[in-house]
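Here is the structure we will look at, set down as structure tokens.
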Amino acid sequence: MEQKYTIGIVGGTGYTGVELLRILAGHPHVTVKMITSRSEKGVRLDDMFPSLRGVYDLAFEDIDLDALKQCDLVFFATPNGVAMNYVKELVSAGVKVIDLAADFRIKDLSVWSKWYGMEHAAPEIVEQAVYGLPEIYREQIKTAQVIANPGCYATAVQLGFIPLVESGLVDVNHLIANVASGVSGAGKGASVATLYSEVNESYKAYAAQGHRHQPEIKQQLDSLSETPVKLTFVPHLIPMTRGIHATLYATDVKNKTAEQVQEIFAQRYQNEPFVDVLPVGDYPETRSVKGGNICRISVLKPQDEEIIVVLCVIDNLVKGAAGQAVQNMNLMLGFEETLGLTAAPLVP
Amino acid sequence: MEQKYTIGIVGGTGYTGVELLRILAGHPHVTVKMITSRSEKGVRLDDMFPSLRGVYDLAFEDIDLDALKQCDLVFFATPNGVAMNYVKELVSAGVKVIDLAADFRIKDLSVWSKWYGMEHAAPEIVEQAVYGLPEIYREQIKTAQVIANPGCYATAVQLGFIPLVESGLVDVNHLIANVASGVSGAGKGASVATLYSEVNESYKAYAAQGHRHQPEIKQQLDSLSETPVKLTFVPHLIPMTRGIHATLYATDVKNKTAEQVQEIFAQRYQNEPFVDVLPVGDYPETRSVKGGNICRISVLKPQDEEIIVVLCVIDNLVKGAAGQAVQNMNLMLGFEETLGLTAAPLVP
Amino acid sequence: MEQKYTIGIVGGTGYTGVELLRILAGHPHVTVKMITSRSEKGVRLDDMFPSLRGVYDLAFEDIDLDALKQCDLVFFATPNGVAMNYVKELVSAGVKVIDLAADFRIKDLSVWSKWYGMEHAAPEIVEQAVYGLPEIYREQIKTAQVIANPGCYATAVQLGFIPLVESGLVDVNHLIANVASGVSGAGKGASVATLYSEVNESYKAYAAQGHRHQPEIKQQLDSLSETPVKLTFVPHLIPMTRGIHATLYATDVKNKTAEQVQEIFAQRYQNEPFVDVLPVGDYPETRSVKGGNICRISVLKPQDEEIIVVLCVIDNLVKGAAGQAVQNMNLMLGFEETLGLTAAPLVP
Amino acid sequence: MEQKYTIGIVGGTGYTGVELLRILAGHPHVTVKMITSRSEKGVRLDDMFPSLRGVYDLAFEDIDLDALKQCDLVFFATPNGVAMNYVKELVSAGVKVIDLAADFRIKDLSVWSKWYGMEHAAPEIVEQAVYGLPEIYREQIKTAQVIANPGCYATAVQLGFIPLVESGLVDVNHLIANVASGVSGAGKGASVATLYSEVNESYKAYAAQGHRHQPEIKQQLDSLSETPVKLTFVPHLIPMTRGIHATLYATDVKNKTAEQVQEIFAQRYQNEPFVDVLPVGDYPETRSVKGGNICRISVLKPQDEEIIVVLCVIDNLVKGAAGQAVQNMNLMLGFEETLGLTAAPLVP
């Protein structure tokens, strides 16, 4: 009889939680042993998520560290500021942890505190945590005990800028990320701003004066660049549920042709199972990645020849959250990286 | 090395086609060997459907009967009136066939001709074809060579009415099916009526004077009823892509309690892998089946105690088309019925 | 200089409130003098509703009965159970009142208390209030001091059933109202159930076991029928913001032709400015009334010849709420009934 | 008895046509005398647009120049390349003309031919036509006989860039316009690309390599700038029907504070009835202009202090097409500029 790795999920009543459950249900080598939620304690998982009827026979439990320590790996699909209170003890018990929130994403604690409005409870875990973007940190992830799973916008923007910044191709003093997200990115909390009747048939920018993913992206791009980057980051809200589209603008300082830029992207991602560089002239649609753990990218040099435009799409709940977390899990547990993540996106 | 069954798909540029490809991509025992389209001959499959990039390495071919005869099973995802011209020859060659269109659904050829506006080219195949609703015809499907895959509305309405009609519980002279479908049910042909700006933020009934699925449903329910049924069938168009919701009304002639009616449904479907009778008081949402091969059903007796209301949801492209076709394929080829069909629906 | 009637609005932070403000802004003979909201006191109206920038120069005030008594007419766009605490005093001061909530809709106080979960604070106002459906009570409305503005579903269902029930054409023991509403009908309160990501790309029935509009409709139809009606009422939620679609089923007991039934509707509504009986064969779309104070109706006898099907559409926020309230205001203040209500719906 | 100006509409079966009809229906001083459509000749207007039932009593007629010459003003709501064949004769007859298509927008005929793929049939009208953006050309419009009504994207982008370019505040060598439009901008022609099921729940860029509005915008901005501008223009498609959102990026070369830039916008548009500069910190939503002839603008200097970000929203069918056309008509016929255009937008 096959032995499966045991998984615990802390949180899991939100959208990244249900997506994680959906993906893990199709994974051959792991089994979700417990799922916790203080507010929903005792509620059957499939009462909250009828789409999972017949898939899981679990109910939400109160958080119980001793029980979680019996798991091989624990995902935190909790609000920001929760995981940091539990991870240390789990780590001591040898449990691997992947945090889908922001607790361990930013290395500079003063920056973190400024954006997340609290003191950090586990600075030593921040230091030890590996940023879970396999396209940069694959080797470190394999041996990591704690993963800071990247933000959704942060994933899309980094994957688009990495080849340009790494290659020194563009002026890093004027990077522009015009990003747009479906509404599920705002989570499942009751709020007027994300009511159907508030969001439907409308489109707007928001948080351009300051969004938490901006310092996360800047930290990452800085680490790839000779000089610190300057990044203008303007998020928008799209009347749809899933999907992120990043439209990135940078100024070419090396006078490359469109074909040369395309080639730089193709080479950078040639061995990446979950980054798909589209043929010249194609425009990625967010629906082409709906439900799939994949980032599709196009690059072009349109009217103003100095400006390079990169277009990236991901499903914010998959490659931008739960799918990337499972990709990290695969690396941490020594599985094939693509295991459980190859289902084709749902179109239409 | 494992031997896989070979599959051909005729048509396949529409929504049932891409859905069939998506589902078959995850099936362990079959491989799609060829896909045909006269109009798209030579076009790579993943150029038309970028969601399938990296999943298939195929291009559309012209239809070639000799090549199709090399397949173990051929799906027709063509417009109505196409399959009937090819199936006879395939059958003679021993190829199994599943038609996702309406060519073999209606046994009475004069009724068929009236609704589909043409003479039937293969009456003998109509006679031999098995109606592919496993919840009624499972045993016949296992040995069938030609399957008439049911219509999407027809699947939802039958699964809701079967327990009531089989049990003689209701007045079959006044069955009402108030049904509503997402827009993908109308197909991928260019048309003003299904443009985004025509359909979005609106809701309407249509074709209540006569819809092709009405005689199909009536034929089926008649076969389960002592006396012919009278069915009022009113379809509506919902501003969403996927999903069918059937709200069925029938008059209880045996004075059963709500609990007794619930029990009748629970028993009828207790061994069905793809029919899920919800607990009393739950209302099925179409999104709870999005992308999944499952029908969820609720039954209730609301304000007017004589009226039984049945609520059924399916994904029109899955249990209403491609998923049901693969379920039939599994039965025909001797696989586990649920193989390749257990992925959880995509929520949100 | 022209003298305008002065209007007060109590509540007004929700969807019926902003719609009332939008419509009144185009009315030539009234001016909104004050708008109250306890929670939003001091907030400028156009900060909450940027669509009204430049249209009103008002801020929300605390409720002040003395100030309201200076108005000619006061609208209550408050939650259920608020208006009943204030109307008596306003009435004593000679102010006319239109309540857009349910406080005065149901004459039987025990029924009201059962559905609205509280004791009624002003039974004498219930008695005196006129139900504001001009298509039945036009003359009484003209001289009324208090109007109970009908519910949105209730408006659509009544307008569809009135000609059938008044004429004794149908079996009132088996009336079926299959109704569907856009999400704005659920109001602007923060709630998980009406989040964009919960509602989008899904469709479901709800509250079929008991919805507050059912007894309201039954009270009204009973008053038109020789014998009490039995009504099965099943509401559904449509992924769109505005619009109600009612699909009504009744059994013809007088063996009329479709043409005769059409004629009954045409005659009943021939002088109604806001009920539009469509030509035979047309299906009303909800978008054809979006933003307009109009009900469009089709009637047909489809497959089962005994069943009459009536299709009605309204904009739930206009003819189902704010527009009908202004129609009532016009009647009460002696204006032309259509004043300020003739703008064409917004299509697409 | 009041004399009304008579209006003819050529074309009018598309979205700008029905919007023009909706707006003109509420205009006090004009009456639509005739509407033409070759393909729909004889069809009643309200059969095609049920939202206009009871509003117009017209049927589509074949185009008849003699009849059109009897009108005071003729709108062309035709595809590109139609108006140019008729305008000369109408002008000779003293009829004023507003073309909602692109025939007279671009002064350089070789540029026009390149983008619109045909020879121009009326170069002398191009020369005489006034570009119908009242915020720049108000005085010329008042005496013009032919108006080239601006494109929808072009309107939004110009209104956002005008204060920056006119004031020499920004580096015109690196202007970026990241624009997004609802689907109605693509028109009402049958096409797969704009089917509901293709567009819903997806977001993408398109035509970034070359869009017809790019040279139109460049021509206009060039005329305001000391040196020719370089403009990167990337359009995106939003899953909604109405609305354009422009996110504009430019580099501040004069080191202004955010407050100073805000003040430049406020002053530039202080007397404009249809441009609304929002308070600092507000983000314009497209729904705040839905159905209204208004452009709302915010300006900010976010993270990278050199970059100025301007956010503009319009309803593509109103201020981006039919509403602006009526605004131009008001100016041409000597009416109050805002006449018939003051109805508040429809929210939610």
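Brief remarks follow.
Note that the chains take the letters A, B, C and D in the order they are written out, and that residue 1 is the start of every chain.
Rule of thumb we're sticking to: a residue touches a chain if its C-beta (ideal position, glycine included) is under 8 Å from a C-beta of that chain, and two chains touch if they have at least 3 such contacts.
Predicted model, so just to flag it, every value in this text is computed and none were measured.
A comparison of the C-D and A-C interfaces places the larger number of contacting C-beta pairs at C-D.
The chain with its Cα centroid farthest from the Cα centroid of subunit A is C. In this assembly, the C-alpha centroid of subunit B lies 39 Å from the C-alpha centroid of subunit C. Separating the CA-averaged centres of subunit C and subunit D is a span of 36 Å.
Spacing of subunit A relative to subunit C, judged by their CA centroids, is 45 angstrom.
For subunit D, the set of residues touching two or more other chains reads 15, 182, 184, 197-198, 200-201, 239-242, 284-285, 287-288, 290, 348. Of all residues in subunit D, only 15, 182-184, 186, 188-192, 194-201, 239-241 touch subunit B in the complex they form. By the touch criterion stated above, subunit B contacts subunit C in their complex at residues 173-176, 178, 180, 182, 197-198, 200-206, 208-210, 214, 230-234, 236, 238-243, 245, 247, 249, 251, 281, 283-288, 290, 298, 300, 302-304, 306-307, 309, 311, 313, 348. By the touch rule above, subunit C contacts subunit D in their complex via residues 15, 18, 21-22, 25-26, 49-55, 184, 200-201, 241-242, 276, 278, 282, 284-285, 287-292, 296, 342-348.
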